[in-house]
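Have a look at these structures, which come just after this line.
There are two complexes below, and they share chain A, which is joined by chain B in the first and by chain C in the second.
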Partner chain A sequence: MSTTGPTGSAAPAAPAHSPGTSGRMRRFAALVLKESTQVVRDPSSILIALVLPMILLFLFGYGVSLDATRTRIGVVMEAATPVIRDLAASFQASRYFEVEVGQDRRQFEDRLILGEVRGIVVIPAQFAAEGAGRGTPTIQVIVDGSEPNTASFVENYAQGVVSGWARMRMTDVTGGTAGQPAISVEQRFWFNPELASRNFLVPGSIAIVMTLVGTLLTALVVAREWERGTMEAMMATPVTAAELLAGKILPYFLLGLASMTVCVLVAVFVFAVPFRGSVLALYAVSACFLVPALGQGLLISAATKNQFLASQLAMFTGFLPSFLLSGFLFEISSMPEIIQYLTLIVPARYLIPCLQSVFLAGDIWAMFLPHMAVMLAIGALLFVLAARNMRKRIA
Partner chain B sequence: MWRTRLRALIVKELLAILRDPRGRMVLIVPPIMQLVIFSFAATLDVTNVDVMVLNRDAGRWGVELIQRIEGAPTFNTVATVDSLDALQAGIDEQSAIAAIQIGPEFSRDIAAGRPAEVQIILDGRRSNAAQIVAGYLSRIVNTLAREVAPANPNIPDLQVVPRTWFNPNRIYQWFMVPNLVAAIALLVGLVVTGLSIARERELGTFDQLMVSPLRTHEILIGKVIPPMMIGTVHITVYILAAVYVFGVPLRGSLVLLYGSAMFYLLAVIGVGLFVSALSATQQQAILGAFLFMVPAMLLSGLATPIDNMPDWLQPITLINPLRYFLEIVWGVFLKDLPPEEILADTIPLALIAVATLGTASWLFRRRME
Partner chain C sequence: MTAAAEAPDLVRLEAVSKRFGTAPPALDAVSGHIRGGEITGLVGPDGAGKTTLIRLMTGLMQADGGRLEVLGFDTGREAARIQRAIGYMPQRFGLYEDLSVAENLRLYADLRGLPKPERPAVFDQLLTFTDLKRFTSRLAGRLSGGMKQKLGLACALLRKPRLLLLDEPSVGVDPISRRDLWAMVDDLTKEGIGVVWSTAYLDEAEACDRVLLLNQGKLLFAGPPADLTARVAGRVFKLAGGNGQRRRVLAAALDRDGVVDGVVQGDAVRLVLAPAEDEAALARQVAGEGHRIQPAEPRFEDAFVDLLGGGPGGRSALADAATPLPMEDTAPVIEARGLTKRFGDFTAAEDITFAIPRGQIFGLLGPNGAGKSTTFKMLCGLLKPTAGEGRVAGFDLRHAGAKARNRLGYMAQKFSLYGDLSVAQNLAFFAGVYGLSRRRRRERSQLMVEIFDLGPHLSMSAKDLPLGLKQRLALACAVLHEPEALFLDEPTSGVDPITRREFWSHINGLVEKGVTVLVTTHFMDEAEYCDRISLIYRGHSIALGSPDELKAQVAGPAAPDPTMEDAFVALVRRSEAAVAA
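Moving on, here comes the complex of A and B:
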């Protein structure tokens, strides 16, 4: 009897038929499965990916609004002539103002200081007299400059009420076109004729939510693995660095798309933001954005290897720039030139116009394609940096 | 005796925060960069915008109008397009925020004394900026209209004279930089408090602290005072920068500002301790702080006014410490609010501080027993 049975030689043959690619595929599939299980099991991942986006979207949708509707103002009638009453009534009829009428500006001045009213419109006693004869009747609008944006809107809306009233009155008096100015301006706001700031803020905030999921969540989770040393353990296995990165990223990539989907559903069905583009474009631009967002998270975690520091850096280089330097709320063209250059490396800057267009305008591939290319380029750069950082650590 | 113990604890805390290079970095670099970048970037002003012109008028008035738009300082480039398709593509792709369309009859209408019309097409995807641009363009057109047809002597030319209190030139930084004073104190207060508890937890020294002769409230005081000191330093740096770098007028009393700032910091640190007491791991503490900070910033009037929020949401801002401190910084910097008004905003801060510190202390004590 020989010591080697017939089965002995068959045993090593089994792995021999799966060399190279298919082994790598199996390894990679196992890795993705492991990472996905980890994500699903960790309640904080689900919290960040699904609950936090909803909370943020509700906050942005309801809490952040640039529409100064129903601004409280005081209207001072220094005399109660019919003309003055008529003008004051126009202010009361305006949908932008909540008007309190008084006889003396002093009764509103203190309240303007306290911020209880945002403006005072003073119609002088001689207004009617002047209006009847020659001269220039002057209406004073006092606004609270401590909030400059509200101040400008109160002034513009007040101006609008006064000129609208004047035009109506002229038409009433002369019965013709005398009230009409020599050149009239017709304004057309495309894509958002109702001028609701929510219609562009909600799509923009989806970019911020995706930054959070992509950058903050990835940075935190991977930093925790570095802290615990499980990352080094993984690197000691036959898995290559690229496979490891890809395996880490894939579940978060899908999670990012999932939270984007949740956000879009909320935007359309709760906030009634119109959706005029295609689902394909939505996923294409979002997928391109997740590449730099995840790359940034990985880079932060590889560079810090510490949860606390990673969360701070993710906040400071991810969340805040996508909120403040992306054109979400503040116009990039109004910023100083140096900061405008800085915004060029903020990935959200490229996503936000695409999202706003997908929702409000439709598919504008002439704009999407270059923006997608830039996002992918930034993403590639970040991945290269992250991979180098990891290798350095091991060497 | 307890005084020595407490002092030792405070010194230990400060050393722990300041000796750690990461802690130092987090405390120094981001706040300064935030001040520099965000005070310039966070502006709702609209300047340097790109617009387009489609002029189908052959006469002189169309050219005149375009020249006036080109001459206005607000516009960066005024591009000329020659077809409606090009105009539409330009708006679609956001190469311009507004397009001015002058029809073929424009000059003829003016010459004949008929009412002429100009169309302005604006990008509603940025409706806030677009509205402001529409205002600029309308003003230019109206000025031209007044010169074209001198006012009918029978029709009085109504004038609205605006006057802006507190900030006559409506400089946005006068609004934003004081806001950042309040925001940075929130950020730093939460981070330092969270960091100090998290570190103890990570190293397992929190239990040691609990079994030391220190009483719970002493531990709490030891944890509150160092972030207060660091927060005060940050507030001071920001106030100095606001006044000397950004030229924001400081019209009210510095004493009132610092007095109320102490209560604000107490309230913020109370929230930080409360979040730390609730969370079991560092990750939870970080997320918890974040979950407080973002709503606090958004629902405070920092980015957009509370008045613009829906009515049912506004009461929620009443438990937000940042909301009250923003009123105080605006009041002290720009408005010189009377002391009783500052006090009226400080009392809620004190109440929030008592509530959060009390709950945190109860949670820590319960954990110990």
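Moving on, here comes the complex of A and C:
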């Protein structure tokens, strides 16, 4: 063991540290370097910043579609007349349904309750006669009202099939000079539906991904420093609270943008989502969104100092609102009025329309600019609160 | 202060108080001073206020009352200036586990503003000093406890501080590393650096130049430790030759007037007597026939207990209420046969073999991470051995784990109680888990409440209890079902000496009734209570025997009367030498 002291200097006191800007820059650079090294080495950061976003993106790209396709239904022919057979064949030919044909509705009732079929189309025995005779022919559509999306889908498409069939028949019968169709036509503009929903879901999920990195990951890493006692060791050095905050913000800001970039590349090149705006607009709105996202993460971790609590809070105040109250999955205009007001403080609400325009419509700066301003304002507020909570004090 | 002329005070405390919420004050009007060129021990059990006081000195926390001056600066207004001139190693060392040794050093060098040109020399010196040169590229998370501690120290020393604050630096570190660290810190004081070393280990207090002894936020003593031990000088005796009856001898002695304190020490009993005209005569009287009585060197802990008004009596109401178990049954109650546990290519425990006969205390002694907890968990059926077998009360843990577990009581490290349940709910829960009948449940819970004096706290949440009460409750929960084997994992870690004595009175009493005890500890004093000890080091049992046998193995002309820690250090070095050869 050495018998000399660590510095070997004879001076009894450490010279006062120069508080100038060079010291500040060096401390800041050291903190950024430390943080970046940790991100690269810590599997959980990679998981949240890259793996989770990919899972989400593929989930929304492939798994979730607001439009169902190939829905299984039962078609009941109460009689086997040629007209009824013809209509049943139209159902079978529809690309939206997977059809089982039966003679009695009872054979489908239990299966409807079990969810094995999503609806029952009953073509009554007198259908042909009615169709030929007076007015609109009646078919019965039975659906499971506990799943309203699927129910209305089955209902609408069944109607579509019937009207399509009727028009065809009319053409056949009258030899091309169809008058007013015997069946009311209510054709929906749902062409190529799964592609349409992907086109607005994928840009929306990029907002969710940035919430994950900005809020959840940031809250976790700061809380972890409290738990492991490194924050305390940091604070007992000449580092200032502002430097500590800035040292956290920059790496995760860049990581958030990187994560977003990867997502955009996947969206455009894997899911073939159109990209009609400019790259500049994309980064501008994303950067503005990361300000409140990071501010929220820092505020959560400064207030809780505990990873478990921080992750719960990040989920409930960051992730879920971005998911539910941002207009990503649910139209804000169809929410109860009070909830609509609540969405005003959810930063993702301002990002998602911007992203959707950048992808699908193009640069609409008239919309981007006010939205960016609101995001920055929310962010500034959160930062002030975070800085107040994170003074250089343990308790 | 008369001595202040030679070394200036680095820290002055004037009636410093700190309170958190409505709890009793964490620090209650503490006054004192800390000098340069000395190691000042901040000594006291967990919850005494040590960490709070250190944080106040760093300026990271503000006192509610009183004045606190560090290096001439007020901690309230000039915290930044203090932070530039001190070195601070918090508990768990404040290292980034994802960064390598060199990266941690570089980070702290940047934060502390160590000029670039000076770095190579300083790093080189510190790495040599801490013996970490070979490990500069290793991640801090993969260092052993002792190495982490040295790196933490190196980071705190980057710009030679005038005051070095170390918060419980020896927790989780083996005795050898602890001695190394002490020697390093001692070197620093020669250059005039003031060192504050906080600890719950009272043997460390003896080595300090000065001590601030805290208990429940109050300063009990300030000054050189020898001044405190002087108060029990001539009143400490060792009773040897008790013929294996030490537990009974101790219990009887503690109940006599004139006996302040007593502990088991190997096969002997160590007593502190009340001041009397002729203490030696009193000792003879207490000992009765058949004992050799020797005056013993007073220790800091003796004086601490004396200062607190003496230890508890020797009778254990818990043992009195216990049903005696048939002692003539000679089959071992707990048995380990070649227990081995591997995690991947890491062997946590290898070929551990021992047998504990009824009515004995067996200790697994070793530093954190040595494999004692692994062995322990295999024996109470919490971990499946890779090879070998464990038996408790005759049941093979692999096939009859549940039956075996019903015969044992388990007290986990840190007293794992349900923090959000009240004391009464914890008792009810454990009674239910052990399947006691409704009537017995009521009887036993009632008994535990009386024995451990839990009555006033029944509706308190377990997490809000003071540490000593937590420990009592944990023991109560472990013995509710009258187990014949007790597993104690670090049972008295961090608790105050009075509570520790009370605890051992219960255990000793139960053992006399035929209960068999397996205890893990890194605490050398606790090892003295054991009938036999297995020294666990790096997954191997490197020595097995009674405490006196182990000590005798290392006794020599240089150390005729080694302590348990001396024995530990010597045996570990011997085993390392054997491995190297």
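Simple rule for what comes next: the second predicted complex is superposed on the first by the 329 of 395 C-alpha atoms of A that agree within 3 Å, B and C clash if a C-alpha of one lies under 4 Å from a C-alpha of the other, contacts with A are read in each partner's own complex, and residues count from 1 in each chain.
In this text, contacts are C-beta pairs under 8 Å (C-beta built on N, C-alpha and C of every residue); 3 or more make two chains touch, one makes a residue touch a chain.
Quantities reported herein were computed from a predicted structural model and do not represent experimental measurements.
Chemist: Once the structures are superposed on A, label A:Leu325 by its partner contacts, choosing first (chain B), second (chain C), both or neither.
Modeler: First partner only.
Chemist: Touch check for A:Thr37: first (chain B), second (chain C), both, or neither?
Modeler: Second partner only, chain C.
Chemist: One more residue to check, A:Gly23. First (chain B), second (chain C), both or neither?
Modeler: The answer is second: A:Gly23 touches chain C but not chain B.
Chemist: Pick one for A:Glu155: touches chain B only (first), chain C only (second), both, or neither.
Modeler: Only chain B; A:Glu155 stays clear of chain C.
Chemist: Who does A:Gln312 touch here: chain B (first), chain C (second), both, or neither?
Modeler: In the superposition, A:Gln312 touches chain B alone.
Chemist: In this superposition, which partner touches a larger number of chain A residues, chain B or chain C?
Modeler: B
Chemist: Both chain B and chain C touch chain A; at which residues?
Modeler: none
Chemist: Can you name the residues of chain A that touch chain C in the complex?
Modeler: 1-9, 11-14, 16-18, 23, 26-27, 29-31, 33-34, 37-38, 41-42, 228-230, 232-240, 392-395
Chemist: Which chain B residues qualify as touching chain A in the complex?
Modeler: Contact set of chain B toward chain A: 22, 25-26, 30, 33-34, 37-38, 40-50, 76, 89, 91-94, 110, 113, 115-132, 134-135, 137-138, 141-142, 144-146, 148-149, 152-168, 170-172, 174-175, 191, 195, 198, 282-284, 286-287, 290-291, 294-295, 298-299, 303-305, 307-310, 313, 327, 330, 334-335, 337, 341.
Chemist: Which chain A residues qualify as touching chain B in the complex?
Modeler: Touching chain B: residues 44, 47-48, 52, 55-56, 59-60, 62-72, 112-115, 118, 130-131, 134-152, 155-156, 158-159, 162-163, 166, 170, 174, 177-193, 195-197, 199-200, 216, 220, 224, 304, 306-309, 311-312, 315-316, 320, 324-325, 327, 329-331, 333-336, 339, 342-343, 353, 356-357, 360-361, 364, 366-367 of chain A.
Chemist: Over in the complex, which chain C residues touch chain A? Could you list them?
Modeler: 20, 36, 55, 58-62, 79-81, 83-86, 88-99, 103, 106-108, 110-113, 121-122, 125-126, 128-129, 131, 139, 152, 154-155, 157-162, 180, 183-184, 187-188, 190-193
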